[in-house]
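Chain naming follows the written order as A, B, C and D, and within any one chain the residues start at number 1.
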Amino acid sequence: MDSEKDLSMFTTRTDLVDDLSLNKKEIYEEVYEEGNAKVSRVFINDKQASLIDKKRGYYTTISFSDTTDHNNYSNVKNVFIKELNNMFSKENIKDDDTCMVIGLGNSNSTPDSLGIKTSENVIVTKHIYDLFGTLESGYRITSMFNPGVMGETGIETSDVITKIIDLVDPSFVIVIDALASLSIDRVCKTIQITNAGINPGSGIGNKRKEISSDSIKRPIIAIGVPMVVDAATIVSDTINYMEQHFSYNIKNKDLKINKLIPSSKQNYLKEKNLSLSSEEKNYFFGKIGTLDDYEKRSLIFDVLTPIGYNLMVTPKEVDFLVDSLSKLLSEGINSCLHHI
Amino acid sequence: MDSEKDLSMFTTRTDLVDDLSLNKKEIYEEVYEEGNAKVSRVFINDKQASLIDKKRGYYTTISFSDTTDHNNYSNVKNVFIKELNNMFSKENIKDDDTCMVIGLGNSNSTPDSLGIKTSENVIVTKHIYDLFGTLESGYRITSMFNPGVMGETGIETSDVITKIIDLVDPSFVIVIDALASLSIDRVCKTIQITNAGINPGSGIGNKRKEISSDSIKRPIIAIGVPMVVDAATIVSDTINYMEQHFSYNIKNKDLKINKLIPSSKQNYLKEKNLSLSSEEKNYFFGKIGTLDDYEKRSLIFDVLTPIGYNLMVTPKEVDFLVDSLSKLLSEGINSCLHHI
Amino acid sequence: MDSEKDLSMFTTRTDLVDDLSLNKKEIYEEVYEEGNAKVSRVFINDKQASLIDKKRGYYTTISFSDTTDHNNYSNVKNVFIKELNNMFSKENIKDDDTCMVIGLGNSNSTPDSLGIKTSENVIVTKHIYDLFGTLESGYRITSMFNPGVMGETGIETSDVITKIIDLVDPSFVIVIDALASLSIDRVCKTIQITNAGINPGSGIGNKRKEISSDSIKRPIIAIGVPMVVDAATIVSDTINYMEQHFSYNIKNKDLKINKLIPSSKQNYLKEKNLSLSSEEKNYFFGKIGTLDDYEKRSLIFDVLTPIGYNLMVTPKEVDFLVDSLSKLLSEGINSCLHHI
Amino acid sequence: MDSEKDLSMFTTRTDLVDDLSLNKKEIYEEVYEEGNAKVSRVFINDKQASLIDKKRGYYTTISFSDTTDHNNYSNVKNVFIKELNNMFSKENIKDDDTCMVIGLGNSNSTPDSLGIKTSENVIVTKHIYDLFGTLESGYRITSMFNPGVMGETGIETSDVITKIIDLVDPSFVIVIDALASLSIDRVCKTIQITNAGINPGSGIGNKRKEISSDSIKRPIIAIGVPMVVDAATIVSDTINYMEQHFSYNIKNKDLKINKLIPSSKQNYLKEKNLSLSSEEKNYFFGKIGTLDDYEKRSLIFDVLTPIGYNLMVTPKEVDFLVDSLSKLLSEGINSCLHHI
């Protein structure tokens, strides 16, 4: 087995800082729960950033169970508004700063359309201000733009964005994009807010030019929701779940109640600290069981890629999820931009 | 490990006969290739049908690489027309028999909308015939219907279908539906044609009432394309691919050229009969390696289901794929129904 | 000029009782205003019904300026809920009566999709009741159905509806449809609720079989919004507006202020009882000016029809209007059906 | 009646040169028919341009009955390819010139989405050339861009376009837009090709900055299809048709056959040179009949505008028409851009 040689080939397909294996104690600023939402605020310094191929900056991650229920929706929206306002404060955004909202992605691909659908529902006022020289009280001067994706336009997306920012010259920029995640239980269930910039299509496609406060010379706040995951992720996750499942069964094998409940109904995740000894791992999984997360993922990537099987996948209900999430994000952004 | 007890819980989520492990020699009538398309025609008798929880009948499976290329599209369409005409012959459909086309699924969920998008492009003539008492030469009396899905209507879909067939009384029925597959490399790359009937939503949702030539008392031809797959399938497939990958690496470990090619570029599937010995399996995979396909899939199902992780997934490009495939199917159906 | 011979050809293309020239005093039960909404409740008896080619029954008409403003939206929704509940009372609908909601129209034509978009957002519960034998408190047993349009299905729509009502056997039925109007200022600005039944496609297409409480043997409440108008209507309306415009200018010709305001900014409709004398009419409009409304409309119909010009038109913003109105109607229907 | 004062208020809402009343003999270069398509090629010089508030340049107008029939579709497409190639010649476009295709409009408004839907189906190659330094033989270096509309972005559309052209620096530009027409029988039945530039939203909205070969310093070819018309146009057209209808009836009043054919079935347009004498005009239409086209249109504009009635309308079938026309245009553009 020589998969190790190829690790350099392996692109970590995630934009979610929470997916990455850092010493979390070092980076967490704050963690809290509110209703069905969990929030973590972290700061990645330059050294940490280089280790995980991300950029220096604040990353806020909001995780939630679902947003189809009305109460959950309201709760997640309120948490999102609080955290976006918090990022506004970190970037020192003032009430009369002008804003450009940029929706990335492709309106013809449902999982990629989140950024566009969100930006289309942001309240835009710049043309009214340009015409009348004033706005109703409470409204911020706001413009919006969808640069498209390179596969459709043939043009490097970050170049388009830079040009349009030059043209409109807003005080700060908000970018919304669909992300790829390393973990399937984050798909459509996480909102990440960061001031560290964004690589359009970085999670999903090839490496693209980044857009950051350095490159555009003004604050940029990026809002992302993971919409896709690759097959290697699903397999790697499952092997980890198997370990916990086996560990749970070993621990509870004498529990009478479990003889009555079908195995497929026992939620082993309710027990914490489930893991197997090295011997048990070898017994159940052989050599595979001895690999660490990174090696395992790399191996699976090597197995699936040459046969064209490492496809990006998306939940079957993605149409409904994109509608609900883009509504939540646009309502939250409008609430932070305009005070009406 | 007691997952075996629960095997009865495990629903085989496929409508594709080719997914199932039958003694293929017994059932294949004919196999052929034409351009980028492979075709298998099988007949499942009553005994075989009971083994695999399917219905007695003819099943034609057309597999292809992709249909985005214009030549591939034309080739697959022509093969589809040939095979649909062949099924017409088996069912003894005559040129003046009247037809009802039924598109199953849900127009608001992209992967589920294939049946509806296809049926909407079928040329419908019944109302013209009813008005004028005649049709232009070459046209068949054809009607179309979309019954919706139970989650949206609250009504059992097969009951709706039976009522509308009673009302219109066509000589035969064509049903189009999105299927679930046991194998991810079939998703959007397989068309199945059968005269054995269909269970609306059987692949994707709960067990539903079937629609068959027995239940509707006239020939029914079902056309299906797999659009979704579940996570258990992806994991189970990958473990099998790992075995072949390891076997390939063992066989070719002294091949100098492979030292130069990254592992992730070596398509091991080009070598046939790759498998590991029992010892090698145990070495690499431990106890997991000793399970047969059914046990493995059942185990993974048990691991993923209680934590809500066994989600159905669909390729990220599903919008484009549904457009292309529904166009191909409707053009093919029009060509078989009408001679114009 | 012999257009009179053809009056029998002339189909009154409206489903709005308010469009029709009845002696309004005789039929009005009640008229009231609430915020931006005007409501009229009328009862058409058999004799009146035969005069205007409509059915006997109650007709409630809600007229409003627009629903894009949030306050207007809420107000119109509340008025709609009040009036739909009022029609429930007239039909003696009880809390445990079961309901089927039917969305008429064609999902692929924006102005025709109102019924489908509305019905898709109604909360459907029948399948849950059928599975568990009970529902959470406050929910009514509700099913939903979209029969499609004859041009797409080839099947008579009222026959489909009758069959599905037979199958599900609800206590009462709600039907939603896009209507045609005789007056363009009603388009997207009127909701009509009636218990007099409906002719699917009657406003827009050919004469179709009606669906009424007689034909389906249970109460039916039809909700309609005019989405289209024909060219003859626009022209005929304009000639009437010209008369008022001229009358206004004659009355106010010495008003100094009007010399300063461009004619195209003077809203003459703010003055009531603007009309011209016979002589003035003849001076301005010649023989055309002497025709009554019905003759004028018939003449224009005769002029436009043979040259294929009498097309049905719809406002340019119809996409936005359908989204907003279908949301309002589905929220209102859910509020009346379920008490949650 | 003082509507004349306001004529300066009256914006001629058309981008179609054929709509305008010029001395056609002076401007026509060539007129021909091919199948169901009529083509006129005109050149507007500076003096003529100033008279009609248009720009100097070549204008080709293709008029056709419909494109739903397969043969008509093919014929119109071939004529469009011929005329677009002809405009390429006039602008001296060479095979290795690079092109940027710009789709104007708003993807969320069906009649406004023509430019976007067309541009999305143009074959884009610039990113492939940038990556590999070469393209397969026959392909032109092509990029595409959708700038959005000012109502959604808050940014002046021509500024966006200028910036992106600066960035990509193509040899020439093709712009596609939905137009407004002065005549309803042109809606969805005319394609205009011009090298005179375009005012984004000029037909539909307020006066906007133009984009022309002068402003962008390279050839620009604009392709437009009228998708909307205003109410004043419909009324004005109808009064003219009434005149022809009356004239026809007067001429043929002794024709026995006409007693048998209902007036609404007699296509009077098959007779040419139908007009009324001054006296007849006065008899039928009074003072209205004595107005010329421009005065009539201005009067109707004045009557409808102050009461918010002069709405832009679009045919009810606009969804289908946009799909068909955008397919035709993109196939035609691909054929002219790439030789494959």
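FYI, contacts are C-beta pairs under 8 Å (C-beta built on N, C-alpha and C of every residue); 3 or more make two chains touch, one makes a residue touch a chain.
Predicted model, so just to flag it, every value in this text is computed and none were measured.
Enquirer: Provide the C-alpha centroid distance between chain C and chain D, rounded to the nearest whole angstrom.
Expert: From the centre of chain C to the centre of chain D is 33 Å.
Enquirer: Please work out the Cα centroid separation of chain A and chain D, and write it as a whole number of Å.
Expert: The mean C-alpha positions of chain A and chain D differ by 45 Å.
Enquirer: Where in chain D do residues touch at least two different other chains?
Expert: Residue numbers touching two or more other chains: 108.
Enquirer: Taking touching chains as linked, do they make an open path (line), a single closed cycle (ring), a hub with spokes (star), an all-linked set (complete), or other?
Expert: Looks like a ring, each chain touching just two neighbours.
Enquirer: For this entry, which pairs of chains touch?
Expert: A-B, A-D, B-C, C-D
Enquirer: Show which residues of chain A lie in contact with chain D when the two form their complex.
Expert: Within the complex, chain A contacts chain D at residues 107-108, 120, 124-128, 130, 142-146, 148, 150-156, 159-160, 163-164, 166-168.
Enquirer: Show me the residue ranges of chain B that touch chain A in the complex, using the header's touch definition.
Expert: Touch residues, chain B against chain A: 1-3, 5-6, 9-10, 108-112, 184-185, 204, 228, 231, 234-235, 237-239, 241-242, 245-246, 249, 262-269, 281-289, 299-307, 309, 311-320.
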